[in-house]
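Please find the structures below.
Each of the two complexes below includes chain A, the first together with chain B, the second together with chain C.
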Partner chain A sequence: MTCFLDIRGITKSFGKVAAVSDVSLEIARGEFMTFLGPSGSGKSTTLYMIAGFFDPSAGDIRLEGRSILREPSNRRNIGMVFQRYTLFPHLSVAENVAFPLRVRRRPAAEIARKVEQMLALVRLEGFADRMPAQLSGGQQQRVALARALAYDPPLLLMDEPLSALDKKLREEIQVEIRRIHRETGVTILYVTHDQEEALSLSDRVALFNHGRIEQVGKGRDLYEAPRTRFVAGFVGHSNFLDCTIAAHAGERADIVLPDGSRLPELPIDRQAPVGAAARLMIRPDRLRISSPAGADAPAGIDAVLSDATFIGETFHFALTTAWGGALNVRMPSHTLPPAGHGVGQRVRLSWAPGDARLFAE
Partner chain B sequence: MLLDFSRLGPWRLVLVLIALLVGAYLLLPILLIVGLSFGSSRWLQFPPPGWTLRWYRELFDDPAWIASFLTSFRIAAVVTVLSVVIGLMASFGLTRGEFRGRELLRALFLTPMILPVVVLAVALYAFFLRLHLNGTFTGFVLAHLVVALPFSIIAISNALERFDRDIETAAIVCGASPLEAKLRVTLPGIRLGLMSAALFSFLASWDEVVIAIFMASPDLQTLPVRIFSTLRQDLSPVIAAVSTVLIALTAGLMALAALLRKDARS
Partner chain C sequence: MTLSHAAHVPSPARPRRLPAGLAAVTPAFALVAVVFVLPVLALLLRSVLEPEPGLQNYAAFFASTTYLKVLGNTFLVAATVTVATVLLGFPVAWFLAIAPGFWSRLLFAVVILSMWTNLLARTYAWMVLLQRTGLINRTLMNLGLISEPLPLINNLVGVTIGMTYIMLPFMILPLHATIRSIDPSVFQAASLCGASRWQAFTRVMLPLTATGIAAGALMVFVMSLGYFITPALLGGTSNMMLAELIAQLVQSLLDWGLAGAAALVLLVVTLAIYAVQLRFFGFGQARS
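== the complex of A and B ==
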């Protein structure tokens, strides 16, 4: 059983710098996969190797079981939407969409039919005779999408196609992209540095860092079960506290916080000796605020409330621990008592088992 | 703006007057020569005692003038084509190539613009003497190509640098071969640069006189050379007529260029 797109151990070095090192990934037919990561993490370089702009220094890329590395870009039959506007400025919208079909010497009647069908798909039916300069940025990217899909490519690459658009328009086109993915069933590889975009669009996300994939999985997996500290920090908001390993048993460890308090049996990412430094990670929305001390107080961390901000549906709290560690808490506004919490108040922070994770340094 | 025209008050009149004077200073010699070409005086008397088309008739009846006209045109046409083609290839190398000494090469290509034309003319003359190219059509074309090429390279390089290379890449991903992408997407994308390269190359050759004097032979003379040599013998109103034709042609070309630019912008 071979998968649809098989990326096997590809590496790309520019001089002595490895932009991508040993990336392997299997993508199923019809999947929406996003390459997420900060700039310079190798996500775009990986996409460009699939598009054929760069040859990998090592490794192989197989599409439907056949290596595509020997094929030049123009023979790979892959669709692509670029970050910058790349419509051909001297051709009308319809001629832009027709371009890949004309290059393939398709009959005129088929081209006309396909152009009409594609413009309907991106909801730009009335724009066939406009020139690219007369279109807004969002419209231009939709035409680019129509052009990239006109020749029914099995694979569509999208390289940060929405990064030049404002937030509202971006969200609008994200909905369009999801709909088009559903309607056409095309396999999409999407590159972005925007984690919200990645989570909202894709079936799976591959998180890149320093030329390697840190973790691949559904957005929810990356958020709930980050495998590395980088993933925890990049996907969603996180609190990190310094701590020391006090005992280690299997995939769990006990830790000591700088004020000497001990927290037992927290899941840890990898083996670490007793006495080693580690980081305790808890999402701001998973922390609960309760009264300090007292016999009935849940296990957790004591902290002082240093700031409270109301931003509509949520309250943001900033807290400081006894040893100066900073923490953030987000709570739905409706769950708070009417009096809320006052700045300067001492509180106990607690969480459900499994919501706190350890990352060895 | 502090120095806005609408806020200048009475100073506006002064400004308009200065503008008119400068315009007149630039245009009067041209208008004078155009006027003289229609004047009936053989001695270029001004204002002309009467009006005539006689000098134009003489001009168009003289096979030598017509021959020079055609020679100039043929040379300029061939220079234009070669200059745009070579300029295009050089520009691709200079803007997209990644090699050592690229900037040095760019400077080298542009030296004919900075070098005094006389120096260039003497050097070409001495060099062509060995190759027996002086006084030949090929020699003329090669010599004028040296002068015209920098104009092409500047115009096309600028256009290529402004053209987003991702657009060409997009054409390739769409299935066009690299050559096809250049022909169908990149060249139309830089067509304004190509047109101004052609226009300036044509004019560089068309009104070039210094090198042409060195290259010319008795039976191969460009228009500027014949004007120059005729002037040394006598001051005929035919010269005024030739000049007027030249001015009309150049003005026509410039107007065409302006129209094309306006068309491309809309």
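== the complex of A and C ==
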């Protein structure tokens, strides 16, 4: 079985800088895939190679089993919405949407019908005769979306299309994009450096770092089972504590914390020798606060509460370990004991097995 | 449809009052009044008063086939020069806008330097190139492409070649400003939409640069209409342009009345062309 879009080991260097190195990815038909990653990690470059604006230095890109690298971008039949507003400023909204059909010399009746259909899809029915300069940023991106979908491309690329919009508008259009994805069944490759956007929109996320993909998977997988320290740090909030490997067996290791306390059998990302430095990672919402060392106290870390903030549904606690390590805890307000926790209080932090992970340095 | 629509963002009606900064431009207005308006008025008066009151100078101008031929020459050369500068200047302006820093700065320097070089020096340089025994004719004959020297000088061909070169910067500079103001990702969008290079050029590039082309063309055409030095040096006595005719009427024939009439015809034509340009491309919107 061949997948819909097959990216095979593509690399792109600009002079000595490798913007993208050896990226491979398989995307199914109708999938919503997001490229997430920090600035300069190669997301746009990868997208531009698929669009045909850059030629890969190595590797191949296959769409429905056929390599598309030989074809110029105007023959690839791919839709794209850009970060910047790229509507044709001299054409009306309707003519912008009609543009891809006019250059394909489709009959006038078909064009008129399609333009109407596309403007309805992006909910801009009354705007056909406006000029782009008379539209808000959000409206311009909707028109760009309509233009990119007007020729029924099997693949739609979106390079941070909402990054110039304010938060409220962004969320509104995200909902629209999800609906349009459902209604049209188009395969979408979406670039963003906003993890919330990535997690809420897509079926799968490819997390980029330094021109490579660190991990591909459902947002939940990236959050629950980050394969590298970078993934753990980039997706969701995390606590990291320095520690040392005390014993190693298979995919688990025992560690010693700076105060000498030992924690057994934690999952670790890769092999590391005894004595090597590592990082212990626990999500702030997976830590539980209980009273300090007693006979029935759970295994965990002792710390002192240094700050408590109430943020509506959740409480944020900042804690400091005996050796000065910083930790954050979030818990739903309703789970707190009525007396709450006071600043300066000594507490024991514990977690369920599997919620703590080790990353070798 | 014109670009002015795209550029117009509806603005609230403003109350009518004297524009700020009027005082600052008063000296310039005064200067224009003294060195431009007054002499033009004087010439206009002489054209209807000398040698006696009446329109006989204008009648004489339009009755003479010689003078009408000069008028025709003037338009022919100005139009050819305008078309030639658009065709030659567009690629240059485009290259200036997209070329990597070093090359675009180098080419820009060449354009500006050629503009700053003395006009007479540049025109004499063309005389050297265009002569019967000049570089161009000798090269073509050595290559065996022609057996007789081409008549490239002392005629309208020479005038057109020389003026095209001299007018090129006036086309390149406004066009370059317009092209540079276009976001290049618009062309990437056009390409992904399926537009071939040619379609992207005719459907996106040309409409978006129309104001720049119009601004450059107006500048070149109007300047060419009244140009004197280059036609005088590279042109022939049998095929004059209007500015040469006016100079001859004043200097050799001392016929100020007829010279004034010719000058006024030129001015009216120029203003008419300017009005047409304003009508179609708006005012000062080369960079929208």
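The definition used in the following text is that the second predicted complex is superposed on the first by the 361 of 361 C-alpha atoms of A that agree within 3 Å, B and C clash if a C-alpha of one lies under 4 Å from a C-alpha of the other, contacts with A are read in each partner's own complex, and residues count from 1 in each chain.
Note that a residue touches a chain if its C-beta (ideal position, glycine included) is under 8 Å from a C-beta of that chain, and two chains touch if they have at least 3 such contacts.
In this text, all values refer to a predicted model and were calculated from it rather than measured experimentally.
When both complexes are superposed on chain A, chain B and chain C clash. By the touch criterion stated above, A:138 is placed in contact with neither chain B nor chain C. In the superposition on chain A, A:59 contacts neither chain B nor chain C. Contacts of A:151 after superposition: both chain B and chain C are touched. In the superposition on chain A, A:80 contacts both chain B and chain C. Contact with neither chain B nor chain C is seen for A:211 once the two complexes are overlaid on the shared chain.
Once the two complexes are overlaid on the shared chain, A:226 sits clear of chain B and of chain C alike. Taken together, the two structures place residues 51, 53, 73-80, 82, 84, 86, 88-90, 99-100, 103-104, 144, 147-148, 151 of chain A in contact with chain B in one case and with chain C in the other.
Residues 51, 53, 73-80, 82-90, 99-100, 103-104, 144, 147-148, 151 of chain A are the ones that touch chain B when the two sit in their complex.
Those residues of chain B whose C-beta lies close enough to touch chain A in the complex are 164, 166-167, 169-178, 180-181, 184-185, 188-189, 191.
Residues 51-53, 72-80, 82, 84, 86, 88-90, 99-100, 102-104, 131-134, 144, 147-148, 151 of chain A are the ones that touch chain C when the two sit in their complex.
Listed in rising order, the residues of chain C touching chain A in the complex are 1, 3, 5-10, 183, 185-186, 188-196, 199, 203-204, 207-208, 288.
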